[in-house]
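For reference, chains read A, B and C in written order, and residue numbers begin at 1 within each chain.
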Amino acid sequence: MRGIFSKTEIGLLLALVVFLLSQFALPDWAIFIGTISLARGLVVLGLMILWRTGLISFGQALFFGTGGYTVGLLRINTGLSDIILLTVLAILSSGLLAYLLGLLISRYREIFFAMLCLAFSMMLYGLLVNNEKLGGTDGFNVFGLTIFGIPVQGETLQSVNFVWICVLACVLGIGVNRYLSSTMGNLSAAIRDNEIRVEYLGVSVKRTINVKFVIAGALAGAGGAVTTMAVGHVDPDAMVYWLVSGEFVFVTILAGTGNVAAPFLGSILFELLRTYAFQYLPLVWQLTMGGVLLITILFLPNGLWSLVQRTATKE
Amino acid sequence: MALLNTHELSKSFGSVVAADRITVSIEEKEVIGVIGANGAGKTTFVNMVTGYLKPTSGRIFFQGQDITPLSPREITHLGICRSFQVPQVFMSLSAFDNLMIALGVVQKGVIPLLRPLRRKELIDAAGSILDRYGIAEYRDRETGLLPQGVRKLLDIAMAMVHNPKLVLLDEPTSGVSVSEKYGIMDVVMNALKDLGITVMFIEHDMDIVERYSRRILAFYDGSIVADGTPDKVLENEKVREFVIGEEIHRKGRKKAGAKNA
Amino acid sequence: MPAFFSTIIAIVIDGLVFASWIFIVAVGLSLIFGVMRILNVAHGSLYAFGAYVAASMVGWYFNADLPALGSLAVLLASAFIVGIPMGFLMERGLLRFMYGRDEVIMVLVTYATFLMLEDAIMLIWGTDAYFAFEPYAMLGNTEIENLVFSNYDLFLIGLAVGVAVLLWWGLNRTRIGKLLQAVIHDRELAQAFGINVTRVFTLTFILGAILGALGGAFTAPQISVTPGIGVEVIILAFAVVAIGGMGSIPGALVGAILVGVFRAAAVHLFPQVEIFIIYAVMAFVLTFCPQGLFGQVVARRI
């Protein structure tokens, strides 16, 4: 086993087992938070790939929302209801959108890249919010989901969602880990450091960035799909607004980019922090979140994962 | 058929003429020194040949193929590589990792790029390249922290990874101390010696140019004012006036028969 | 007058009114980015603080039965009351320690500040809506054909023009303005010439803060002041600044007018794209001019 999977990947597989078993011991709200965290963690995983390349997107909510609305619209307008199928279709739709957008966006860098992503996400927001048929700011409910032909709802639905996102997170995490150890994955740091050199080595920087953008978009779409199915509702403010993109970036910085597990850990911590802050410090929960972000930027510029790296022995 | 030839290659930036109808022909296995004052058009020439700058007019042919419209990466795959005046390396990565990436991308296409990077064949190749260029002791240090001379060698080593037919070295010894200059040129020329590669190097130090080149191109004000053997070119009046400067005595000129290595 | 004409007039005037509003907010943001290379998300908080302070002060003012026209001066005063101390504190107390960091990191720092200030607003003023409609109402209306326009809205156009002219004069005709332009153009070079860049930063930030608060203060009479107005405005201001070019005053003006007119056109003709059109214009402009219409271009690297 050791030869086929790296340390990180073994860690992910073990985590999968632990998480799956834990659902029998955890209360419902914890399972729900777990589902949401891991789903959002997928978005952050994509952002991590981009951040390693020196790019940050302030508009991942575009793909997160596309994934969610794909699930919602397919559920309402077609007979499709299988959780796995809907997720796959959401990944395809957001991946395709990322491909098309990437053709344009991969020419830009730094703050302009970020702003252009933001612009497109707000364009989608505008279209959804002013669209009465899709429910406007209220959005619409998503229900009647099935798995392997069996209708699921309530607690069972939450369980199934949880199992699904755990498996998805593990598989996609391993996939991204493989990608990051490939030559193209390593090109992230090279592109970030010196694009001219990369071009002179015979590689198209634009095409490489395109691929990364598509991966990030597809991951975000997957996250949006599972979130929508777990919440049972989709609306523009929760899925597409710029504050949502901001939170994803927040978690990316909080978690650090050292390892594919970091986005998931960071996301879980973020959701727990937000839940507790909202519950116990309702008047200052945003103050708390903002403070945590500031402290992380000031004292842990490489994110929380850098703490893990410091305490563990180097490979 | 010439390996590389340019035809009336010109480049203007607004009213500034950086290159003025440069026509030159380069054969295989030549070792050519390129001299000229700053701003004479040497780097512009290299930038155009490697596709980084598009000429205002004129054509460039490599092995008979018109490469004028091609991009740097296409030209790299055709067999022309270059090093840079300011070494273009990946500063946050180690010297070893720099070479690994260069080695990893030698093959064209997307699928080869998806192979794991840290595989034995590349690790071995990177190690031997570091040895060949004498920078093995720096292999694991962050390139941004390395001395300029080491970065220069790394830059050149990365250029050579693609086994080009023609390599253009832009001031390979600039920015390093006098004592290091010859060391670098020796290492580089030795590394290239047995490969039968055509080399063009831009250089300001006349001793180095004399010692290592068999043909010299002298640039002035965007044109080539002299083209020939070192003896002929360095005696050329225009070259003496515009490139070398009359006052400067060239050391080693008096050594009889002092030819290149 | 045919309906077609009155629609055009409505679009133009509504567009200019909206443009004036967003220009006053966006120009401060653009200035700060141009000089300090910081995209200040907390600018939205300054706007919100400006609106809240203005609303509170207008409330006290009218309770004290003072002459109605003076309320405009109260609005102006609010901008300074918010802009100077908050601008100073933000720059000296936080941003100062982060200079030299990556531009994107700076955005996150200002975003964190923004989150914190959102709660600060709710701690101070609670979640209820505040109103300060008196200045708005007292100026009355103007009728053009069958269209009714609020004089306050038209007054805002004048205010925006005044701000633009004042800034233009300040940047081009005063010594300190020329120093600012030098720093915008090339910070390192300006420093090499002996310009006290640190002081320029502080002054610029305070100026930007005052402008942000000014936008909020003069908006207060038009809306119900609630938590979340900062969130909406900052994203709009970004769009304007991105379109116009960061660091450019004429750019902010043109960007604001483009956004205002397109939005007004959408509102009157095709309401489903009211929000969409603004960001579509932003995306369109950025596609062809990534630096914005009046932005700076970057030089050759090797």
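We take it that contacts are C-beta pairs under 8 Å (C-beta built on N, C-alpha and C of every residue); 3 or more make two chains touch, one makes a residue touch a chain.
Just so it is clear, the structure is predicted and the values come from calculations on it, not from any experiment.
S.K.: Centre-to-centre on C-alpha atoms, which chain is most distant from subunit A?
M.R.: So the farthest one, by centre of C-alpha atoms, is B.
S.K.: Mean of the CA atoms for each chain, then the mean for all of them together: which chain is nearest?
M.R.: Taking the mean of C-alpha atoms per chain, the most central one is A.
S.K.: Would you mind pulling out the distance in Å between where the CA atoms of subunit A average out and where those of subunit B do?
M.R.: 45
S.K.: Centroid of subunit B to centroid of subunit C, CA atoms only: how many Å?
M.R.: It comes to 52 Å between the two C-alpha centres.
S.K.: How big is the gap, in whole Å, between where the Cα atoms of subunit A centre and where those of subunit C centre?
M.R.: 33
S.K.: When you check subunit A against every other chain, which residues touch at least two of them?
M.R.: Those would be 196.
S.K.: Counting only residues that touch at least 2 other chains, which ones in subunit B make the list?
M.R.: 52, 88
S.K.: Residues of subunit C that touch two or more other chains: which are they?
M.R.: Each of 302 in subunit C touches at least two other chains.
S.K.: Which subunit C residues qualify as touching subunit A in the complex?
M.R.: Touch list, subunit C to subunit A: 39, 97, 103-105, 107-109, 111-116, 118-120, 122-123, 231, 235, 238-239, 242, 271-280, 282-283, 286-287, 290-291, 301-302.
S.K.: Okay, in this complex, where on subunit A does subunit C touch?
M.R.: Against subunit C, subunit A makes touches at 56, 104, 107-108, 110-112, 114-116, 118-120, 122-123, 125-127, 129-131, 196, 242-243, 246, 249-250, 253, 283-287, 289-291, 293-294, 297-298, 301.
S.K.: Could you list, by residue number, the parts of subunit A that touch subunit B in their complex?
M.R.: 178-179, 181-187, 189-190, 192-194, 196-197, 199-204, 207-208, 211
S.K.: Enumerate the contact residues on subunit B facing subunit A in the complex.
M.R.: That would be residues 50, 52, 71-73, 76-77, 81-82, 88-93, 97, 100-102, 104-106, 108, 110, 112-118, 158-159, 161-162 of subunit B.
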